[in-house]
């Protein structure tokens, strides 16, 4: 009967109910079970900020809840699926498309019913919907600030190296690396895109 | 007398007058004199879009006009100054500060009077003023789009790798590289920033 | 009883529930059953991004769910209805009006009760509500960028060809064609509108 | 001496002074001299709305004044340069780059000093600067309205035809055609762009 | 029992449920029963775009559903109530106040319980809430465009005719008329407002 | 020499200088010389708010200064040109195009050199540029408020009268009338536009 | 059982249900029972525009529904509580804080359970949330327009009377009075605030 | 010759030059010459913030410079002209119209040439242009905040007192009074407007 | 059964139901039980403005309701947890991360199930989501106004003291102190951040 | 004669001309002449970003140029004037008022003619005009971010400490301190404002 009543909740509150009924040990686990290779995470894993749900596709709560239950990092999921962890995170937020193989792999690593996942992930992403600009969160704002402050400089140097055109954000890949030296940790973000020259017409 | 009349021009039109009186051979030169190592450029060099002048400091037209007259790329200037070409371009747009040594080197490589350059570059940059957001120029917009589409994914992966905090945009460096394969040219932008964890207070 | 409880869901979550209970094989089917002429699709068919539902009329989830269940492309539906596939897609998003004949045809090809469809489609469209500008999705943004970058040029050439006036967006049709050459695929969008000269008064 | 004093005007007022001192017979000419093939225009030619000058590069007044003096249409210029008239108009508004050959041809057809033109056109365009969005001018607004109303429909049909990706606005061409039937004149705008599928990473 | 469960829906989805359970023959009716004088409509009647409901008062769905069930035009309702059809439509959208007599008449012509209507219509309108500006719908946008393009001209002519002041939008009436000539149909909107001169103080 | 120095003024300050050097007796005149039929005005005539000049074409100060010098109303000019006074005012603000005959008539009635006027008025208007929305001036704001408050009602009634489509703002005319009764003066604005039904495609 | 089902409604629709189940005789009453001193109102009393509920605290529907049921004006409530009617109305909209005594008095005059009222009113107001700026409702817009048009003048006169500083909006009171003369009714709004000079530091 | 050179300045810088060449003793004077009744001011008089000049009519610098030279308060000017000091300040900022008598009085009290003043003040005000909203200056922002926080409360109480309608901001007067008690100074702003009921149509 | 039905409410209305079913004696308590050291508060404690709930994580209503039930101030909670009260308040609004120890302490002092709290607080904060800018609430707006008015001055003095760089808002702490003198109470906000110099690259 | 010609420059370019003709040794000096106590600065002094001039009063370039010529820090000026350095910097940006004594002291320490300074500083500041929000410069943005992220927390703690009210930004002072520990430098900003409780009315 609990199940029937849960159906009466909206999708949004359903996920909340889930959380409060089955609180996962996400934080503690990550501190205690570092030896499990797949789910090992030095830091707590990323979970879904539930206030974002109304602007996300239904696949997002599905995927994030399974991720939380398994206490597994994007890095581990990415390794299993064979894609980059940023691409996997983008897919979780509805910002990237999943191939049938991706869906199969995600279903395996996250223990989600493949049919349900396929149905929820079958559409074409409605990109850009997760974020209002300028971003308010400081972690994302810093990237925005880099574009704002260095945008003209990037444009000038790109043109000098490549001529008139753009670096594609579609024929594009990106990754994040961690580097550590005596001053502390450094995040390194690499963006790599096909250079597209303007057509002459 | 020409000098007196030029004084009667606004600073903005002054640079324009300069241009029309002494048209530099920027484009042609870059096609003809590839053997000159310092000014060699496969593509035309970046010059100043004059409609930007009202939002730039007076150092910007000074620097860009000298750059145009010398037909020299940011890469070549950067090599002389000992900084990255993106940093040099940012400095040209008033987005980065010049040390006294930088000013000396810029004065040398661009044949600008060091005193004048020192005066114009002595202030602290008023960063972010060169660009309205969202950027309208497609080359810069693509970077903005990357932040908009992948922002949440970057945040999630950064947190999993580093915990709660931000990648600094201040204790930060960036560069652009060109890669070529059989599919064409690829632009690679690397952003590297110190990881700053939130203070617990 | 499950049905009664599903009624207790909001219209929005109802469609989500539908999806998870009856996951259609949209993607797989399109890879496996290319021989079925009506539903054949080289690529997965377009389905409804559910986060858009609050800004769409109730006909949109009705139509898109039937389309998903039948795994049928806009092209196939358009052929059956006798309209262009862009017009049909616009109608699905509540951006175009359906004639009684259109409703009859849609009811046939999508197996939707005609009375229900007639009731949901009887109103005059509230156009423009599906999209915030500037568009965040890159596919739509590129069209916006074309207007932004070439708007003045279009205006100038239109005036030279037609005088003072506008190309109507009402007495108007549009279509998308696919062209393929050795460089790859090309999308060709044609917009054709009645020229309206300004009245002299 | 008149020349010296004209130098004392700002670039903006210079063009205005030009206009009032040497009023061209643009409108009359187009009605009277239809036999001259190069400058023939059924409608008055497009000239520069001077209130736009502050957001345009210095090449724009140069080019538009020469165009006005010659009373020549974009179509005629385009034929001479060997490019499309929309591309030529975009170039006039600083939205497209000119090759050295283009500059040579423009110099010929418009009787502008090639060196001056080369200097003014040597930079990389700062695209998008000519237009605030939403566009206020009805002629351009109609194009914006088409994107707003049909954006989602275009996206859906493009995805069904091409999969996940975008139609490039860079590897792109566009043209305007005029069609006439018994209902009047019709403007036909064609946009053709390379299809770019999202990279899988 | 179905009724009880329908109560469990939100007000918004309630109206949707209504629609799907009891689809009215709005469109067909208007084509078939032109002889009925009260409900005769050459075109389908206007119904409520349900995505607007969250920004409307509860009287709006009540009134529009009754209107749809009766398949009656604003013109016919207005004739019964003794007001202009634009005023009646404004009242339906919560943009005008109903007098007790209006409520009585509306109750009669729409078969709505007078007490319920009185309760829902007793408040003072929260005007302007139905529309975001600039309007996205082309029908409304054209009116906005008229204000944008002719606003200064209206102001200048009004001042020449009346002096310094405004045309009241409160002590105000408006109507829409249809005129037909050999070129087709013409809409004529008349706005008539009291001239208010600025007080001298 | 005074003339040469005046050339050194910007176009904007030139008009201001004009005003202060030759103050016209606009207000007084309108009170004293009511017998002159062409320039008679019960209220002071409309002149140019000079802070608007940067967003107007050069024809606007030309036309308004001549109007002020002649102390002539839009009504009188319109009668001479054979157009409506709102159209003439729109033309003065650069919002409407002048035919060669209009230019000839304007030249006559305003004593402006026809060649200069032809040059300044030969371009296609850049419409909408004179006004930011929402309008701040109360006289224009009231029109905006009417659209905001009655927009949905207008749309609904228009659709009931005409079906799906728009009232054209291009194939359009408008006029202002003054009515007086015992309550005072009333302004009556009539807008009349061609009805354009949406094309079915 | 009706009660149980009503619980299943959202808080928002709950209040709507209330309204439709128990329609109060607000308008009629105000016309019929003018002799009752406490609830007498020449005009209908103000009730809650329900579309505002999502931006109001839960106390707002509680208070407004009791006010509607009692058909009592703000003036009458204010007299009972011993505060100004504008302050009471602000309190109803969640824009002012209630003291324990206020709560007691409100509970008495409105027949609301004191404990429930105390719980709902115990927080600190989240001021400003009820209104988007610029206000769309004409009644509120006029106040906004006064600030827009006279803002600089107010500032100048305030500074001349008081020096550099501000009129406090916190140490502040306001009231509305009605004056009637032969021209009709006049509303008089008085705002009185402590003058705060800028600190010198 | 100084005069000729001053002509070469823009109107904007002209006023600045004026200031620096003839610095008035505004502040000192107000402390020293309190015995002169007309120009006495307890606080320094209000002068023109010169950065506002581009958005003001040419009459504003004319009037404010004369006011500064005479070191006279708005109160004193108002007394001479016979209007309220807020109205006079509004007139100085181009927000109110001057009658011929006002112009005569202003000319007298400010020692400005009447013809010049008449020419500069003859137009109809372009109201609202002096201020961007929300206001940034704290003195004006507090008034805006009062509207934002108390707007709904004002509306509710106005409707209860007057019915459906608005307080006119045109048939309107306002004043500022200073009150002092043992807690300090209090500013009292009174706004009084004609009540306009909505027309029933 | 009441519990089951409450589950059928959305998360938002659930918290509201909670409030109305179990009204806490927050205000009274704070006046009556000042002797209890942990929950003592001179002023009513801060509770959650429920209209904020949709933009807050599920932990916020959980924490605030427990706080209200215990009638405990942030200061008291902070003392127990060993953090600053501003940090604790930020944590309640989802703007700061909780360590496992924080969660344990919060669970103790607020009598919340530790597992549930851990689940709700395990994610990384989505910072900045609680507030739209500019802030409408006067208490927060004053801080915004300080940044707006003193921003350039802060920047200038910071640069003179530290060189080119920023004060970190991440490696940062802040506190609020209360000071009282004969003029009344003073709030003192201290912000202390690591100085980050720009990297030279 | 050079002086006369310089007058022909706009105020804006005048300051630029100044700079280029007499480049001050600001940077070098600060490194070389640390022994001069008044002008000693560990870091280069703050100068005026000239692109800000159009939004600043004429006193700003006057003050900043004198500051640059003297190579003197705000700290040193503040010490001489007897105010805080943030207040002095605010005064330089036109954000604070100068008393006659301040003007006298500034004239002394900066070697500016007292009469000219008095004239330029005699007006009431137009506060807030120097900065667009959100601030683009990272140094100022961090302060904005603190308000955005901690705004609700500040409000909650302030209310618990002081009750309902605000911290004044007018009866207010602020300062910046530098602290150094083994981790580096820390900036400490203190804001102290009078607590203003809401009036009960």
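Lettered A, B, C, D, E, F, G, H, I and J in written order, each chain numbered from 1.
Keep in mind that, in the parts below, a residue touches a chain if its C-beta (ideal position, glycine included) is under 8 Å from a C-beta of that chain, and two chains touch if they have at least 3 such contacts.
Keep in mind that what you see is a predicted model, and the values were worked out from it rather than measured.
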{"item": "Any chain that touches chain J and chain D", "value": "A, B"}
{"item": "Whole-Å gap between the CA centroids of chain A and chain C", "value": "28"}
{"item": "Whole-Å gap between the CA centroids of chain C and chain J", "value": "56"}
{"item": "Averaged-CA centre spacing for the pair chain I and chain H, given as whole angstrom", "value": "43"}
{"item": "Multi-chain contact residues (two or more partners), chain B", "value": "8, 10, 44, 46, 52, 86-87, 124-125, 127-128, 134-139, 141, 145, 148-149, 155-156, 159, 165-166, 168-170, 172, 174"}
{"item": "Pairs of chains satisfying the touch condition", "value": "A-B, A-C, A-D, A-I, A-J, B-C, B-D, B-I, B-J, C-D, C-E, C-F, D-E, D-F, E-F, E-G, E-H, F-G, F-H, G-H, G-I, G-J, H-I, H-J, I-J"}
{"item": "Residue ranges of chain E in contact with chain G within the complex", "value": "4, 7-8, 10-12, 54-58, 94, 100, 103, 115-116, 118-120, 122-129, 169-170"}
{"item": "Of all residues in chain B, those that touch chain D in their complex", "value": "1, 5-6, 8-10, 12-13, 16-17, 19-20, 23-28, 31, 44, 46-52, 68, 135-139, 141"}
{"item": "Chain C-touching residues of chain B, taken from the complex the two chains share", "value": "134, 136, 138, 141, 145, 148-149"}
{"item": "List of chain F residues in touch with chain E within their complex", "value": "41-46, 52, 73-75, 85-87, 89-90, 92-93, 95, 127-128, 130-131, 133-135, 137-140, 142-169, 172, 174, 176, 178-179, 183-195"}
{"item": "Complex contacts: residues of chain H adjacent to chain E", "value": "83-84, 86-87, 96-97, 99, 124-125, 155-156, 159, 164-166, 168, 170-175, 196-201"}
